[in-house]
Structures are given as C-alpha cells and as structure tokens.
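Before anything else, here is the set of structures, which you'll find just below.
Heads up, the next two complexes both have chain A, just with different partners, chain B and then chain C.
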Partner chain A sequence: MKLIRTILKDLAFLFFVLLTSMPVYSNAQNHRGTKKTLDSVKLMCFYDLLFQPDSTDANSKITEEFLLLIGNNTAYSESTNSYLSRQSISETVASGNIEGFLSDLALGRIPRTRFNTQIYINYPIEKITVIDRIGMDLYSYTQNQNELNWIIHPEKREIKGYTVQKATTTYGGRNWTAWFAPEIPLNFGPHVFQGLPGLIIKVLDTKNHYEFSLRMITNPEIIESIDINTQNVISICKSGFFELRDRLKDNPHGVLMQSIQSSGGSFQFDDETSAQQTINENARRRNNPLELRAD
Partner chain B sequence: MRKKILTLGLFVILLLGLAKITTVRGVELDLSGITCIRFTTSCGHPAVACGSSTEQLLNMVIIMNNYYCP
Partner chain C sequence: MFTKGGVSFLIFFLLFQCTLQSQTVLKGKVLDDNQNTLSHINILVYPHGQKKLIAFGISRADGSFEINLRSSADSLRLEASSVHYRNDSLFIVNVSQEVLFNLVPETKNLSEFVVRASPIEQRGDTISYLVSTFAREQDRSIADVLKQMPGIEVEPSGRILYQGEPIQHFYVEGLDLMGGRYGLVSNNMPHRSVATVQILENHQPIKILEDRLPSHRTSLNITLKREVTTTGTAQLGSGLTPLLWDANVTPMMFTRKFQLAGSYQANNTGNNAAKQLDMLTIENLRDRMENNLTRPSLLGIPLLSPPGFRENRYLDNNLHLANTNALIRLDNNLQMRSNLHFIYDFQKQQGNTRRIIYTPVDTLRFDEQINNDLRINALRGEFTLTRNTQGNYLNNKLEFQSHWDRRSGDFSSNTSALSQELCNPFQTISNRLNMIKPVGERLVQFNSFISYDYSPHSLSVSPGSFEEIFNQGDSFDQLTQNIDLQRLNTNHSAGFSFGLGNWSVSPKIGIQYQQQNLNSNIKTDINNTTEELTGFFQNNFESRYTHTYLQTEWNYRKSNRFTFTANIPVSNNYIILQDQEIARSQKINRIVFDPRLNIDYRIGNFWRTRFSYGLRNHFGEMDGMHYAWILTNHRSLLINDAPLQETRSHSFSAFLSNRNPIKSFFSSLSYVFFVRNSNLLFSNIINNDGSTLREAIEQPNTSYTHNVSAQTSKYLRSFKSTLALQGSYMRTTQEQWVNNETFDGINNVLTLSPKANIRFTQWLSGEARTEWLHYNTYRKSSKLDDVNVLKYFGNLLIFPARNQHFAINTEFYKHDKHNNSFVDLEYRYKITARRIDIDVRWINIFNHVTYHDYQLSPYSLMENQYTLRSTQLVVLVRFSL
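== the complex of A and B ==
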C-alpha cells in the first residue's frame, strides 16, 4: 500500500514537471532570436493600391493598403494587411490565446491579403531583398536596385499638393509610369519602385491594372525599426521563385497541401470538394499578378 | 530501484495511453508535440489543422483562409 502511494506521488510529480515545462519549451521554440534589425524607421508612408486581380474583368478591381518604412539607409515595403496578420501571429504565439485568434478569424477580424511580399530596399547595399511566400514556405531572392532603368521626362503636374515629375520604366512584364516629388528628396516608393530623385507619389502600369497612390506620410509612431527574419527562409533565384509561383497557380490545392505536409503539418477541410472548387475558382480569378514575369 | 523502474514504466505507459488530451473549444494537445486545432475560415469552411508549433499552425490557418476564401 505504501509502495503504491509512493509511486502515485512520484507519477503526479513527473506529470507536473512535464505539463509545466511544455508551454515554456513551446514558447522558447517560437521566440528564438529570429529577427535582425536593419535600420530605425524615420518616416512611414501609406499607399493605396488599386488593382485588378482578374485581367479579363475590369470590374474585379479592389484596393489594399501598402506601407513603406523609410530608415537612414534602408527602406521596407509590404502590404499593411500582410504586416498586421504577421503581427497577429506573433502576438498570439506570445499570449497563447489561440482560441481568441480563431474566433477573430471566423469573424473576419484577421486582416486578409493578396500580397505576402516583403521588400527590403538597399539590403544588402545596392540590392533589393525580396521575401515571399508559397504555401508554408518562405523564399528569398535578391535583385539589383538599378534594375528599373527609369527614364525621367520633363512633364510635370500636381498630385496631392506636390509638384511631381514623370518617369517611366518597364518592369515585371509591365510598362510603368511613376510620378515623383523632387521636393521630397527620398528615393523610395512602394513595392520595388525606387531610385528616382524624389519620393514616388503615384506609380501605375499602362494597362491600369496596378496603381499605387500615396495617401499619407507620418512619423513612425507604431513601427520603430526595420527588421528582417531570415530563419527558415529558403534562398532561391528570382526565376526559380516565379516557376514555383506558376506551379501554385496551376495546381493551388495540390501545392498548398504538399507544402503543409513538407512542413510536418496536416490540414483537412470537412468538405474537401467544396474547398477545392473555391480555390480553383479563386486561382482562375487571380490571374493577374503585379509582376507577370521574372524579367 | 524496483520502485523507480515501476514508476517510470507506469509513467511511459500512461503517456502512451493518454497520447491525446482534448482541451476546450477544439484546441487539441498531443503529447508527442503535435497540436490540432479545429476552426472555420472567414468564408465558412470548417477544417482541422495540425502542426508542431503555434506559429506553424497560425501560419497555416491564415494561408488557407487567404487562398480558400474568395
């Protein structure tokens, strides 16, 4: 009897140790030093992107907000919703409140995005680092900052109270027109658009499928630094990334499920047929990416 | 010594036997390190996602929500 009592006591202790150490271990795994700070934010710009996800349907135009963080030497651009959903993940990992997160998701409170691209201008020096997602995998490639080969035209006009000057270029299979403000001597803009002698106020392609317009310039109140996460990011060449992106477009359900399995996870919809129909329909309607090709 | 072996043996058997502990509202903890969560996308598709870290699970949920909702 005494032996059984001692064993039960020891077992209770072992379970206590196991259960109390699990959350600590789990949090430790999620908070390993994954971020590297590249610069402090000096200025924040917000752009509205009006875009047409379906090239065959002019009525499919929707908007999404982009942020541009400008530091001393580096700039960073990302969809605001993409940034906020990543923040939401970090906060939930820290708090452990998964139920709250899932409830917010079901109610549509977690920001949704069509763009997962994170762009670091002048990192490394004179290069652009692009981090983008295909399924569960994050990929990174670099390109030269001077790839855009802007042609500056004498034409000037006024936008948002700024006197802006015209510049044109060809990039990602589209012809682009940018309007930059020489009175704001910052050579940055949204997405990869940069390298002009003034902040880009508006940039649009000649088919009017993508149009970024500056909405606001503010001091950095919420975001203080430009950080990069290079852990678990796969280095790839740009053309390789675009090949993978095309594969996702051709077989979205298969590619997503495969990437989940490769990451060691699993995923199951209750109604697989209906979910597959939705994603195939989405893929058919999302046929017009910002960058059509790798150049 | 016999007592310690007996205790550890029982501990392992209990761990294997209780491999899954279901907690509230569909968040399921698996002692092998895999957690499963039941959720509904913002467009109404119910689904189950399983993964080994909270970050992996939440990424999965967000990605699937972005791709599978119109």
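== the complex of A and C ==
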C-alpha cells in the first residue's frame, strides 16, 4: 500500500502542477469539508509500528506511530502523523490560527506519513469502513468486522505488565499473531486488528515485516470525537481498491504521466531517464504493503 | 494381550477422541438490568478451575453471541467482561445450550489502564524529519533530497512544489536570499550541510496579515547544521567536436545574519544556463505583465525563429554567467538583499528561409540565407529592503538593468545580399514599494511602482534597401535607422478585502500614468555622403496615457463544489498622442467596463465543468504608434498614422472533464470562442523584392477564432501501458489587406497525437509518441496552401544496475518532402560512495545538421531551414565542493 501511496503521492504533486491553473479547486480540495461525528473518544491507545517497506531488504525497517481512538460503540485507527496532518490543516483553516500552527511546525511537529489509511471499526454496525488515499483521490470500502477468524492459543506471556494470550489469523495474505490482554475488556487493536476479547497489545506477521506494539494507553486529551469526512471520497469495493493500488506496480512511470496529462497538462522531466529510474526504483523498494492482497 | 491399564488407557483415549470431536455451541444474549440488549461484551470461556482462555465471543448489536468450542472439560466458566458493566460469571456444563447474561452497569475507571501520560506535545520528537533520514546515497543537493520527501516535488525548472503548488518563499535560516531565483541554492547546496527542512504550510510571510488573512501558500525553510556554512558544487565537462566545455562552480556561504551565494558558469554545449536566473514565482510574472516591462523591440534583424525542439540541438552559444546574491539581517524585522548578475553570451545562427507570398495577383518566392551573430551583454541588479512586523509591512525593491547587446547579420536572397548591424542597448531603473498598514478596522495595501527606461537603438543596412524610396531606384551604400525611445511608467494603487457570508470582496482603486517619447530618424549614405532625411522620416512623437481604475473582485464559494468569481473593473482612459514636427495629434477619452466571470462546478466525484466569459477593451500599443516612417528591418518600412488602435474582445470558454481514477480513464473536452473587434486594419503592400510597406488604416473589422480540443487516456493493465489520444482543431478568420485588396483570410490547424508508454520489464521501458499536424490557409474560399507535418518521438530506457542507466532517444520529423531524424545516446554511472556522477552523452549520432519547418500566415508561407549543432560527445563529471 505504501508503495502506491508514496508513488502516487509523488505523482499527486506533479499532478497539482497542472491544477495550479484551477486554483480554486486545488485549494479547496483537502482543507474544507463536512465532518460527521460518530462517537466520543473514551480512551486513546498508541502503537508503534515497525515495518519493512522493502521485502528484499531487512535493513529497510522504519517505524511509525499509530493511534487507536476507542469510543462507546466505534473505534478508529490511523497513523498518528496522518491524523495530525489532516487535523492541523483543517483546524488552521477553520480557526485561522496560523500562528499556533506555525509554532507547531517550528517545534518539529511536521507530520509525515507512509500510511493514509483511516479505519472505522463498527461503522456501519458490524462492519469496518476503510478510507484510503491513492494519489489525489480518497476511496472508501467496507469489510465485515468478523472477517478475522481468530484462533485462540493457550500460550500466555507478559507484555508491559499485562498478561496476554496468543491468537492467530490470516489476513491480507499474511499470517498474523496477536497478543491480547483479557484484563482490558476492549475488542480493539491497531489498524483492522480487532475482535479479540481484550485489547491487542502486540500484533505481528510471521515474516516480521509488520509489528504493532502498544506503547501507551491514555484518557482522551485533545482528540474528543471520532469524526468521518466522506466529502469527495469515492466509494469502491475492496477488490477494486486493491486492483487500483496494484496497477501502479506494473508501470509506475506510465501511470504517473497519464494522471498528469489527463488533467490537460504537459510535463517533462529535465532528465527523463533518471526520473523514470527514480520512480520505478522507489516503487520497487516499497514493495511490501501491510495488506498484500484483498483476500 | 492388554493389561488392565492398557485397556483403560485405550478407553480413555477413545473417550478423549470422542469429546474432542464433539462441538459445543453456546448461544446467548447479553442484557442489562432494564432488558436492553448490550453489544461489545466479551464472553470469555474457560475450562472450570483454569485460567486458560479456550474460546470467546463478542456480543453483537442485538446483544446476541454464538461461541463454538471443542473442549474435553466437563464444565465451563463463562465470563462477561466489558468496560461499562460489572463482570459476571456463569458456570455451565460443557454442552450446547443457551445462556443469558444480565449485567449491572459499572463504569470502570479507564485511567487504571493508563501506563503513561499523554505525550502528544512530544510526539513531534519521535518523527524524524531530518534530512539525513531522507537522503539516499546518490543524492547530492538539497533539491535531490526534497524530491524524496513526501509532499514535495521539484520541477525540472528547479521550481519546488508542495502538495502540487509552488512554494512562495525559499528560506535559509528564515532568510530569503534569492527571491524567486532559489533554484541556484536548492540545486547546489549539498544536503549534508542541511539539518532540517521545514515546510511552513499555510504560511503567511507578511506578519501583519498573520491573524487576518489565512494563506494557503506554503513556504520552505532549511536550517543548517553549523553556525557558518560554506558549501557549493562544481560540474566540469568536456567534449568534441569542436572542443566543448561545460563548467559550473557555485560557492555559497550561510550564517544566521549574513548569506552569500555566487556562481560562475560557462559553456558552449548549447546549455542555456541563463535560464537559471529566471524568476520562478508567479508574482514576478504577474508583475511584468501588469506594468508593461517588456523590452522594446521596434528594430530588428531577421532572426530564425527557434525550431520546436530541444535547445541543445541547435543553440550555438558561448556563455559566461556570473552572479552574486547577498542578504544581511539588520535587525529582527529589517533585511536588506542585493542580487547582481552578469551575462555574456555569443550566439550564432545560420539557416535558409523560403518565403512564399500570395499577393492578390501573384505568388512571390524568395530564397534567403541568414547568418547572424548575436552578442548579449547584460548587468542586472536588484536591491530589496524589507520591514516585516506585526504592525506594518514594507517592501521596497530598486532594480536596474543595463544591456549593451549587438546583433549583426548577413542576409542574402536571390535578389540581393546585404549585411545589417543592430545596436539595441537598454537601460532601465525601477522602484517598487508595497506597504500594508492598518486603517481603522481594515488593512489597506498600498502599491507604488515607478520605472524609467531608455532604448537608443540603431539599425544599419548596407547596401541600402527600399531604393525606390530613398534613391530613385538606384542602389546606395547604407541605410540607417536610429530611434531613441524613453518610457516612464508609474502605477499607484490601494486596496483591501472583506468577507460577506460566502462572498469575499476585494475592491481596489488606482491610477497609472505612462509617458513615451520616441525620436527617430533615417539616414542614407549615398556615395559617401550621409544625409539625414526630414519630414515623414522623422518622428518626434510623444504619448501620454492616464488610466484611472476601480476594480472589485467578488468571489462566491459554496462547499467544494461551486465557485463563482466576478471581476468588475471600471476605468477611465485618457490618451494623448502628438508629434509636434509633423503637427499631428489625437486624444482619446474613454470609460470602459471589462467584466470577467467564471463559474466552476463539480458534479459527483468524477465530473467537473467550468465556464468563463470575459470582455476586454484595449488601447493600442503606444510603442507601435508613429506618424512617420520607421525601418523596422531591412525589408519592412512601417508607418502608423491612424487613430490609436482600439480593440474590444469577447472570449467565451467551456470545459468539461471526466476523471475516473478507478477505471484509469480520463477525458476532457474544451471549447474557446474568441471575437475581436478592431478599428484598424493593417494594409500590407508587398514589393516585388519581398519588402513590405505596412500602414494602419481606419477600417473596423472583426476576427473570429474557434478552438476545440479533446483528450482521452486509458491505462491497460494487461499490457502495462498507458494509451492516450489528443486532438484539436482551430479556425481563425481575419480580414486581410494585401496590395490594396481586402479579403477574409482563413487559417485552419488540425492536430492529432497518439501516445503510448510501455514498461516491458523491470529494466526496460519505452515511450512512443506521434504528432500529426495539418495546416491550411484559405483566401475567401480558395485554398492557398496546406502543410502536413508528422513528428515521431521514441525512447528506450535500459537500467542494467541501480547506479547506471542507458537511454536511446529517437526523433523523426517529416515536413512535406523533408525528413529529419535524430538519435542520441546517454549513459550515466553514479559512484554513490563518493557522490560523483559521470555522464557520457553522444548527441545527434547520425550528424544530421539541417532541419526544416514551416510557418503559415494568411498570405504567406515560410519555410525555415536551420543549421543545427553537429554530432557531439560530452563527458560530464559532477561533485560537491
């Protein structure tokens, strides 16, 4: 997923070159919109994700933080950076508090992310809504909450002071092991991982490419509600989304150029050859999305 | 024989197997004490007396749950647990059954789970935005690393985009050294000197506006690792044939109070490095347009218009460029910046043209050879003083330019041969002041602009042309045109903005005054006697233009879908033109209204439509007005003794697009209709030697232009290819007056261009594009001429290893009878550990040194043949200082 996102992100920016001729549209695109509040936040969890963007290079591992907002009936998970960047932009626009925003930036809170996935658990009821970005466009699809068929194992461990028990499942083309704490009676976890009788403290795939570890649990501060914004989001089925995502793998450069030219622009790299090499090489190195396939 | 123990083991084993296979299904409901169903309650199943969880269920929205389990245990303990209710346990026999839980509310104190305090404030620290984390081995400059940062894109021109929009300022340690020309810094500063890159999103560079006017523009700041950073890059290249060089040394120094960047570049490889100094921001472009700052070019020698392909195929140059930029922070709010540039360039142009002119009675053909030397010498300087505080904003920019350019050319045709010399120096000085001050509740913006420029140009043609006029038809030694043009331009305005619900309104009032003095004379050298011609060969022309304007922009926006913009300017235009020697003058006083309307509407996620209408009244170019003759080039003698040209143009455009990223199918259609009314028509009298006498005559006329264009593209996954098709049709109808006959000239241009982008394998990809163009021109209804052009471009890229690439570029042009093809090879090797790049470029390997193209006008066809650079091989090495 990262693969596509990063490339398309790169594309998106080129793409915007063309859109400068349509300034109204491009300004309005991300910053304004209608929010719908789904739930109030009762508890916040933060997970560290250690992941390997290039499946062929174990040294490529990097980390990113994910947040999990737990409400009365729903839960929400997203990369913290992705959340903050979306939030700070819309808040700045709404309040006009540029100074506060700038001081945040000056303090180094520049949110940068490789994950743009927003996950709403139990919205709609017994389903999961996923909003994700490919290039400039936001898409949403739903899946069933009970799609993860967890198998409980007798093994127990202690992590961060919690007694946790092992559960396994397969999802997105990977085999996953989760460690959950029955003493925290919440059915949630990071990303789409949920549905165990206790908060997921750690979840990792058997190849060690993705590993989420709970860092902290806290009462809600700052973030008070779980909101969804579906304006300008394109509805799609899950397999359609993955097909779209994988389209990039075949010809990243070609897809890029198409999206530029489709908006009436023309674009030429100064050094066409190394641009192509860079685009394709970046795509090659980001070959290991969390969900390898749509199942 | 079985022992007793053996038998019991066997029985036990069988029983055990049996119990393992039996599945227990526990169904049930969870209710609260008011019999309301409860969801999200965990139902945990333990074997009785054990703490080992063996199965679980979670109650659904209707409070129901279902648990399947296999266990040998005789009895089970079911525990219902959740955050909002007290835990409850039930002991049951391990058989399928229905279970009911009634839970008692008990909100557990969630903070008991808190293991650490919230560190949202510190979260930023955990995110690495350090340059070192984004830099790859092969990266050299900070621009290379910027390209890696999500959200940032660097265009080939050096322009930096964030989220697709150009950044407004490029700061180093909060100081904007380069103004718009930051490409010099970003492309040359090694990323190892840089600690962090900060993106200042929605950054309002003007402090007084910070709380009042949200900005959507982004600026970029880089912070350095050390207090004093000296850095730079160098590039050295050499090649054959003839001896070629390409050098670039860019040293820089940065501190928090003082910054300096310089560069020296020289090449003769056709690399037009002067482009690096081009302004990269939108503001600069707008400024140049509003205040008519283009260099006057009344006189000229015939140049070859550049062919429409890469400059380094034809540009025969010898360029030296030096520049220094310095910035001093005087105190926290006051900065001073100076930018100085010096450019020397010597360019040669060689080619042939064939002009075919269709006069009403005849078709004239001229074959001409052009051989030009262009010398460009320029010194440009810019001094900027900025005060930027919460209370007010002031920016004053003083700019000067001095060009002392010369052009000389040999021109020969089937009828004549002559040489020409043009001196076109240009001096200009301008001052621009922008100020923002609070006046009552609102902030008012004041702008002041004053410029003066001086162009004493002279053109000499020898032997003299227009013999009929200047020497009773006999040839003579030399004809010289001198002009002396001085222009004063001032523009002062004040404006503010306010919001009204969904509307935002920005009124602005201003006055612009322009004055031009044009003196010209023509001299003839006949038998070594120089004579200055009088009467209608001398201009003493003065023009004054006063433009008072009130313009209001109304902007309405509803959600993201609908935007309406109306720009309603009203202006009074007072123009005086006079020539005291000839005793001619005219005055114009007009109030004009030039509205512009724009509607933008999005339908669903994929469709978008836009309409716009604009009316524009324009008063002729004063540069072009003169009551006496001017020799603008050896074959063109012009007079403009007519009322000032007044034009009124209506333009209408409609645009519809469909972007369906799910299907990777993108299409758009646009239509533009343009009507232009003018009070003047230009009469062209074409002599048999091809020279033209051009006169403006008062005769109202209307021209029409229609333009339709469409494009569509689709990604085909099975072929890993993108296919695209573009097409356009343009038709222009314009009244023409040639050799005392008027007629409607019609030009049609049709283009069609299919394209494909294919990735064959990981290491091999290619692109192919074809362009077919058809031009034709009609006089009334009879076709005069048509031209077909076919262009083909292809490239193949091979990536044998990560630090190498190999490219083959091919181009093919077919212009009627002429075929041209070019093939280039390029190989790059990166020594990543040492951050050195080595490029080997073999350009134009088949050594095709001529190129043909065509230009069509309503009464003429021009065929150009260019002399191109011959085959060349260049090796380039790039490294950091």
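We take it that the second predicted complex is superposed on the first by the 213 of 295 C-alpha atoms of A that agree within 3 Å, B and C clash if a C-alpha of one lies under 4 Å from a C-alpha of the other, contacts with A are read in each partner's own complex, and residues count from 1 in each chain.
The criterion applied here is as follows: a residue touches a chain if its C-beta (ideal position, glycine included) is under 8 Å from a C-beta of that chain, and two chains touch if they have at least 3 such contacts.
Being a predicted model, the structure only gives us computed values, none of them experimental.
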Contacts of A:Thr113 with chain B and chain C, given as first, second, both or neither: both
A:Glu281 touches, of chain B and chain C: first, second, both or neither? both
In the superposition, chain B vs chain C on chain A residues touched: C
First (chain B), second (chain C), both or neither touched by A:Ile125: second
Partner chain(s) touched by A:Ala58 [first = chain B, second = chain C, both, neither]: neither
First, second, both or neither for A:Arg133, with chain B first and chain C second: first
Residues on chain A lying within both footprints (that of chain B and that of chain C): 6, 10, 14-15, 26, 29-30, 89, 92-93, 96, 98-99, 101-102, 105-108, 110, 112-114, 135-136, 263-264, 268-271, 274, 278, 281
Residues of chain C defined as touching chain A within the complex: 39-40, 42-44, 52-58, 60-61, 81-83, 87, 110-111, 113-120, 123-127, 129, 147, 149-153, 155-157, 161-166, 196, 198-204, 210-211, 214-216, 557, 559-560, 563, 565, 600, 602, 605-606, 608, 610, 657, 659, 661-662, 664, 666-668, 670, 711, 713, 715, 717, 720-722, 724, 755, 757-759, 762, 765, 795, 797, 799, 802, 805, 807, 826, 828
Residues of chain A touching chain C in the complex: 6, 9-10, 12-17, 19-20, 22, 24-34, 42-44, 65, 73, 80-81, 84, 89, 92-93, 96, 98-99, 101-102, 104-114, 122, 125-126, 134-137, 139, 152, 154, 156, 160-161, 165, 182, 184-187, 195-198, 215-219, 221-222, 231-234, 236, 240, 243-244, 247, 250-251, 253-255, 257-259, 261-264, 268-274, 276-278, 280-281, 284
Chain A residues touching chain B - in the complex, by the definition given at the top: 3, 6-7, 10-11, 14-15, 18, 26, 29-30, 85, 88-89, 92-93, 96, 98-99, 101-102, 105-108, 110, 112-114, 133, 135-136, 252, 256, 260, 263-271, 274-275, 278-279, 281-282, 285
Residues of chain B touching chain A in the complex: 3-4, 6-7, 10-11, 14, 24-27, 31, 37, 39-43, 45-70
